[in-house]
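These are the structures in question, set out in turn.
Both complexes shown next keep chain A, but they swap its partner, so chain B is in the first and chain C is in the second.
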Partner chain A sequence: MNDTDVKAELRKYVEENFLYLRPELDLHDDEDLLQKGILDSLGFVELVDEVQTRYGVTVNDLEITEENFGSINAIVGFVDRKRAAA
Partner chain B sequence: MNGRTLDEDLSAAARRQGDKTVLVTQQRSVTFTELDAAAERVAVGLLALGVQPGDRVAIVLPNSVELAEAVYGVMRSCAAITPLNPTIKAGKLSQLLEHASVAAVVCDEERAEVVRAAVARSEREIPIVDDLASIGSRRDGDRPPHPLDSNLGAVVYTSGSTGEPKGVTLTQRNMTFVADSIIEYLEMNERDRILCLLPMSFGYGLYQLLTCVRCGATLVLEQGITFPGRIVGLLESEKITGLPAVPTVFQVLISLKGLAERELPHLRFITNAGAGLPAATLAEVRRTFSGAKLYSMYGQTECQRVCYLPPDQLEVRPTSVGIAIPGTELWVENEEGRVARPGEIGELMVRGSHVMQGYWEEPALTADRLRPGRWPWERVLATGDLFTQDEEGYLYFVGRKDDLIKSRGEKVAPKEVEEVLHSLPGVREAAVIGVPDKLLGQAVQAHVAAHAGHELDPAALKRGCAEQLETHMIPQHVILHTALPRTANGKIDRRSLSGKTPPQD
Partner chain C sequence: MCGIAGMVRAEPTAAIEEGALLRMARAIVHRGPDGFGLALDRGAGFVSTRLAIIDLPHGWQPLQTSSGNLLVYNGEVYNYPELRDELTRAGQTFENDSDTEVVLRLLEREGLDGLQKLNGQFALAWWQAHERRLTLVRDRFGVRPLHYSLLDDGTLLFGSEAKALFASGEIDAEPDLQGLDDVFTLWGSRPPQTPFKGVNQLAPGALLRWEGGEITARRSWWTAEYGKASTEAPGDLEELIRDSVRLRLRADVPVGSYLSGGLDSSLISAIAREQVGSRLQTFSVAFRDPVFDERSQQETVAKMLGTTHHVLDIGPTDIAAGLPLAVRHAEAPIVRTAPVPLSLLAQEVRRQGITVVLTGEGADELFWGYDLFKEVAIRELHETDPERALGMLEGLYPYLGADGARRGPAWERFLLETGARDDPLRSHLTRLEATATVKAFYHPEVAAELDREASERRLRAELPDAFGSWSALERAAWLEVKTLLSPYLLAAQGDRVGMAHGVEGRFPFLDHRVFEYAAKLPPERKLAGTKDKIALREVAARLLPEEIAARPKQPYRSPEIAPFFQPDSPEWVEELLSPGGLAEAGIWDPQRVEGLARRCRGGRATGIRESMALVGILSTGLWHRAFAADGASAYPAETVEPRVRIDRRADIAKEEVA
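Up next is the complex of A and B:
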């Protein structure tokens, strides 16, 4: 699976699970999920869970940060790095 | 500390250890001297805007340095703080501004629009301060008046079961008394560095700031748990000694891989309140933070803190919330109004100087909860919560007397959510209940039936709620029915709604 597919999948997941409360929002792949109020801490726990199961990567405690999970692009990058290291 | 008000705590600490950092936030940090100077400036600015001692000043801010400046600035002007949830919507805000006859609102630019909309509905002129840095200078007026501990300290809003606003009215004395009691049993001192993720509109969050300033400690303030990895990083980098949290926060933290293996040598204690920790979570929390003492506590806005379990008892009675906080007395009262026998269920009663003065301008609601005490001048607090006590006097929470939901440690009045649902197009019937939820403690579950010819969309109903309600009140689940089940006398049968999986019409 390449980056484009991962991105499309993640986008779909975020839209279906978190964005339905904000239909007016046109979410860009670089946009801050937290600042835009799309996800809160509980949302991140769900999202991290999803990323772990879907892409078979392990996410450590210190890794759930803005750098790795702050936007769709950040998550794609994170999954990429994790898989390359595996 | 005899008679020292909360505002005087700040000046005293500034004199004693002015260069020490009192507050750390992601944006900036301030010293005791800087916070003290800001409080003075804000106080002078508020007085210049016409705020009088004893007036209520609403604070609508997320956790930030500005929030602390507002809290201490308001208190220094000898006015009372009314801290409100930063996600509050204009309708509710306007209701509270009138209820407490608020004299001014402090907010930030982001919330200014909501605040202006709420203020516009008032017939009174209510000044809005949306940029705290811009108000006040020494030239504006005289020094603020001398503070007394019998002054009005705060009106803190909490939900009643029918959603009516209840403004818990506290004097400075109520607040300093409970702050001292908390400082005593947690053995807090000026070496402490507390990490606060809880909103300050919530008493449990507010008192993190008040106790830290009172004992000269440092508070690391975050806007909620946000990115869990950041919190773990802060525990290490900020050498956090105390972590107060609610079950939801603990659920997030224990879900993190690798946290239990971290040393966290500075972490001295963690506290839980807001709702009880399920036994499995409790064990997991103890394993994750094995080097820290865990305090299980119970409190309510009406007196802030009621009881705590001394950590050495956690092994002996893990499900207990312990004993009265220092300087106070507790007992369980049965239906005949007598002290309950060990194991007998009854309402928990509280006696002490932390008990509120009443609900702001609601004498009937006040009389329901403040009962005559032993002396003519004394009133004791009926908590409205059911408990039992064991042979040695340790307390166990049994349940609430009303149907309030506790989600993420915060109260949700079903009625308030139901009213919003009823206002949405196509909704004929709505009932809101709490259902067990691993992360939230209780999740808000809405049961809704449509008017004939209407089709309802659960996502649209949630959106409608999000537009009018604070975040923690938005239903997690919306379940559609053709008609809600009724009891024999025609009331919605809430028990059957919570008892079984409802039909998915």
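Up next is the complex of A and C:
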């Protein structure tokens, strides 16, 4: 699965699970999911779990940051780096 | 304990339809299944449905005196024997042994100043016939409900429940968007608002006076005041709670006790057991889902006390099946399913032949037991010692933010940096924000029509003048009493689900003397660090096993999402989530609701926000089906004969002729 596939899949996941409340919102891949109010802290935890399960990567405590999980592009980059390091 | 209702016309010559009064009685017959009474005056009519608890052979209402005054009264005044003695010494004579007559005689002799002497839970309507003046009064914490409507022609309708007003045929049940928005802001409508257009509720500790077709006074006769903490304990807490329980065991029928497994109800049950003996019956809700279940603690206490213990085992199907009745009696949408098990428990209590139960409600508000108070203390500490505050936060919520996210920036921000330090609502902003998620599901037309900030703005505008001078914890306590205890816990989880089955709840911690004691108690005797209810735990340590007395608070919760997505869940669940079902009330947006339903069906929705949204949406549909489609025809007139029938219309006509 390449970056484009990961991005499309993540986007679909975010749309189906969090953006259904904001159908009018046109979310860009770089936009901050927390600042935009798309995720709250519990949604953030749910997203981290989903990334771990879906892409088979292990996320340690220090990696749970807005830099790694704050936007769709950030998550794609994070998954990419974790896979490269594996 | 009873239900009351009535109507008064601006003009004494205006007719009161007796059939309307009989329908009003029928609408609240569940509150008083033992019989009813009726009084007709010129341009005025009153009904009372009775749950017989004190002075069983007599004590029927409406009660009138020779002066032409009349009382319908729902509730109990526990210190009525002492007040009766006091009035007797002052020369008053009595015709029966009920607390109702004591209240009426006291009002006649001392007027509204006499209210300060009442220790109890009540809602009453006092009719002064010669003045044609009606006074409505509600108890200090709003344990008992009281609704009213002032119609365009000056007629005042009143009733324990709104359904009595609709049964009159003089007002229809129509949703009030702003009242509904209160529910999705604060979990319950704040008085005088209700979710029904044109229907008001009297605030706790308030009274209203109607004369000549107008409301001539509406004011508080008691308020919850803080800022009075002293440096020493204001007396013996154990003695005070014992006395409060003693008063609340006064009844001519057996009194039972709820046992949640936590500190508060265990303490009340232990004291009741000492006073009543082994005939005390205790009642508990147990959940098949172990996340919510407390049965082992309940059994420990019941065994130690040697009570006859009843456990109602609740599974997911019970929650879904019980929601329609709970909503019908709450008379409002709800965002939690917690009222349902309590409705089912009251049904079981009644089945066991018990009509009065003691509960532990109120202790967490008075002695700062909820985690919300600890959050306040942690936020205060965070100003000076952020590391220690974060450590305490982890200790408080070990189950949240798993997988290391507890130390994440979002977590810290969410709990510690909510709201400005000087924001008066800071303690409650987390709850307000979480609850406001439900509003994101509003239909666009509803969202456009509503002022979604109005509910919070009104709360801010109505804070007492002294609020700013109270400590952060005192401010949180006031908000908790005013926004959650009275409008939600004592209503949807209290009076409404108990009285739905003719069961009266009594609340020893909500004796106003206990409130005033707690307000004066030094703050560190309530909360120190994250150690809560310290003074209360010391009392409990003398009466209960250590595992109960020292047990951390487990919030009472009930399964929220799973019950509605079982193979055998009721058909109305999918109906009310479908575009057609949602169109009935027209409050929710089908597209957004479909997204939520998809997540619920897929087992993805697990958080409090989505569970509040789901329960809020389903209960709105049930509430709308229960009321908005109803007219007076939904309440057939009472057909049994009244136990009391007073008709003063002819007497007055004769007096005038003479």
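As a convention for this text, the second predicted complex is superposed on the first by the 86 of 86 C-alpha atoms of A that agree within 3 Å, B and C clash if a C-alpha of one lies under 4 Å from a C-alpha of the other, contacts with A are read in each partner's own complex, and residues count from 1 in each chain.
FYI, a residue touches a chain if its C-beta (ideal position, glycine included) is under 8 Å from a C-beta of that chain, and two chains touch if they have at least 3 such contacts.
Computed from a predicted structure; not experimentally measured.
Enquirer: According to the stated criteria, A:Asn68 is in contact with first (chain B), second (chain C), both, or neither; which is it?
Expert: A:Asn68: touches chain B, not chain C.
Enquirer: Is A:Leu42 contacted by the first partner chain B, the second partner chain C, both or neither?
Expert: Once the two structures are laid over each other on A, A:Leu42 reaches both partners.
Enquirer: Answer with first, second, both or neither: which of chain B and chain C does A:Tyr55 touch in the superposed model?
Expert: neither
Enquirer: So, does A:Leu34 touch the first partner chain B, the second partner chain C, both, or neither?
Expert: A:Leu34 contacts both chain B and chain C.
Enquirer: Is A:Phe78 touching anything from chain B or chain C once the two structures are fitted on A? First, second, both or neither.
Expert: Touch status of A:Phe78: no partner.
Enquirer: Touch check for A:Asn17: first (chain B), second (chain C), both, or neither?
Expert: second
Enquirer: Both chain B and chain C contact which residues of chain A?
Expert: 20-23, 34, 40-42, 44-45, 49, 59-62, 64-66
Enquirer: Which chain B residues qualify as touching chain A in the complex?
Expert: Checking each residue of chain B against chain A gives 224-230, 232-233, 248-249, 251-252, 255-259, 262, 439-440, 459, 462-463, 466, 471, 474.
Enquirer: If we count contacts the way the header does, which residues on chain C are in touch with chain A in the complex?
Expert: Those residues of chain C that touch chain A are 400-405, 407-411, 413-415, 434, 437, 440-441, 591-592, 594-596, 598-599, 604, 606-609.
Enquirer: Quick one: which bits of chain A touch chain B in the complex? Just the residue numbers, please.
Expert: 20-23, 34, 40-42, 44-45, 49, 58-66, 68-70
Enquirer: Note which residues of chain A are touching chain C in the complex, please.
Expert: The contact residues of chain A facing chain C are 16-17, 20-23, 34, 39-46, 48-49, 52, 59-62, 64-66.
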